[in-house]
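One chain, subunit A, links the two complexes that follow: it is found with subunit B in the first and with subunit C in the second.
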Partner chain A sequence: MTVEGLLEHGFSPVAMPDGSRTIDGVYIGDLLSWVMGRAQMDNAWITIMSNNNVIAVASLADTSCVILAEGVELSQDLKDLAMAKDINVLSSPKSAYEIAVTLSGLLA
Partner chain B sequence: MKELSLNILDIAENSVKAGASLTQILIDETDNRLVLSIVDDGCGMSPEIVRSVIDPFYTTRTTRKVGMGVPLLKLACEQTGGSLAIESVTADQNPEKHGTKVTATFFTDHIDFTPLGDVVSSIVTLIQGHPDTDFLFRHTRGENRAELDTREIRQVLEDVPLSSYEVISWIESYLREQYDDFS
Partner chain C sequence: MTRYYYDFHVHSCLSPCGDNDNTPNNLAGMASLNGVTLMALTDHNTCRNCPAFFKAARRYGVVPVAGMELTTAEDIHVVCLFETLEEALAFNDEVDTRRIRVKNREDIFGEQLILNEEDEIIGREEDLLINATTITLDEAPGIVQKYRGICYPAHIDRQSNGCIAILGEFPHYAGFKIAELNDRANKEEYIRRYGLEKLKILVSSDAHYLDQLREDNDYFDIDDEPYSSSLVRQRLFEQLRSL
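On to the complex of A and B.
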């Protein structure tokens, strides 16, 4: 499953500098320092946080994308930052749990 | 970080790296406000660097492109409605009096306030890891106070290193005893 492949399943693009990246797992968390040490490379990271540190943590952990749950939005500044730092960001109106269930089906 | 004590460790390590001979770790709690200050007499930072350390994509380390210590502390205090301030004077600006002061203000009655956690362990870890530099720790909460100054201990001990097992154990129990009286 690729990041751009999610667009056919109800996810909206927020910033997509590299839609061809592969997703091979999922991590959910909002405490950034915790996520930083635990999210794995190529995970899709589901969170409700939206500040510049999210982009930094996604970069550090080398996740394939950030998925903003529950309709959380990014400011234009942060969309620009995500593009500049090569971080894919998608959004969904669903809860983290519902997103994880969807991804579970897609990754199976 | 799940506990502010881990943030304290992170920021104080920066002070040691900046060549501080004395790093002060001050926690002052009054009513619903907690002010954490980390004050060092290290090399200081130019205004440009001060601006950039708040940026998560800045770091003095070369192994990775992101430095999260200050950004995460800033996030932790802003989540409670508080704020973070950094004042710094470089050795070039003032050879007599230079260093950096990081002040984080938290509102402890906000639901997103991160608990202080085990500050004693953080202080002990710092002293153990850097036995040749000095630390002043002071935590006040109303009438309560816990305090430790390694300069005083050093005077009494003379040549015994602060990192020796007996000294570290004593420091830990000395601090914990002071917290037993906290209300």
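On to the complex of A and C.
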């Protein structure tokens, strides 16, 4: 499953500098100090956090994309930052649990 | 120059988790006993005990500072300090419009008491004060500045509600000039690990109980001639703003 492949399943692009990246797992968390040490490379990371440091943590952990749950939005500055740092960001109106269930089916 | 030992992070009985013994007079009295001559009252998301604290502080020869410990939308605690009581109360009104209203459960969180200068109960805050507001960390400095205040992340060396635990690193982009540590022993390590060399590090107690107030406080040297407590605050803010 690629990041751009998610667009056919109800996810909206927020910033997508590299939609061809592969998703091979999922991490869910909002406490960035935890996410930093636990999210794995190529994970889709589901969060409701929309702070500047989300981009930094996604970059450090090298996740394939950030999925903003529950309709959380990014400011234009952060969208620009995500593009500049090569971080894919998608959004969904669904809860983290519902997104995880969807991804579970898609990654199976 | 006079040396003022400070504690800029103290809770009264209005904070749900603040002990009911933390009355304005007890806080000012303990400050005086501990040699603290500059104390800020920083209840969670409210300044409503600051008027009583100002009057109590006068009795004990303590220079009061009106403040608030704001909970941001990210659940990060931010200390907000104001040069005048009036500006703090105006800020308080704006924060009120950004609070997420949940009724306080006194059996879980404790009472939220508003007192007068005689430590008599004159009101209760009905809605919980400690929960997140809708003000984001990035927004906070701009809002505080409208009231000529200064704000900075609280107890960055703590897991719960500390900005580093929540954001993974210090939010340098937000332009804070100050960071607060709860434990002075963490100073060198935090400066090194999180690149805080250019920041002023303040250490304060975050006392929720009277016995958490400290005797070994840091200080500011302030030119306070001709003395008045408002001059001391004015000079303090000049120092803080020039950082």
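Quick note on the criterion: the second predicted complex is superposed on the first by the 108 of 108 C-alpha atoms of A that agree within 3 Å, B and C clash if a C-alpha of one lies under 4 Å from a C-alpha of the other, contacts with A are read in each partner's own complex, and residues count from 1 in each chain.
The rule is simple: a residue touches a chain if its C-beta (ideal position, glycine included) is under 8 Å from a C-beta of that chain, and two chains touch if they have at least 3 such contacts.
Everything numeric here is computed off the predicted structure, so don't read it as measured data.
Legend: residue contacts after superposition of the two complexes on their common chain; A:36 is shown touching both subunit B and subunit C. Of the two partner chains, subunit B is the only one touched by A:85; subunit C is not.
When the shared chain is aligned, subunit B comes close enough to touch A:59, but subunit C does not. In the superposed pair of complexes, A:20 makes contact with neither subunit B nor subunit C.
Counting contacts as defined above, subunit A residues 31-33, 36, 51-53, 56-57, 60 meet subunit B in one complex and subunit C in the other. By the touch rule above, subunit A contacts subunit C in their complex via residues 31-33, 35-36, 49, 51-53, 56-57, 60. For subunit C in complex with subunit A, the touching residues are 74, 136-138, 164-169, 171, 173-174. Against subunit A, the residues of subunit B that register as touching in their complex are 1-2, 6, 55-57, 64-66, 68, 71-72, 75.
Residues of subunit A that touch subunit B in their complex: 31-34, 36, 51-53, 55-57, 59-60, 85.
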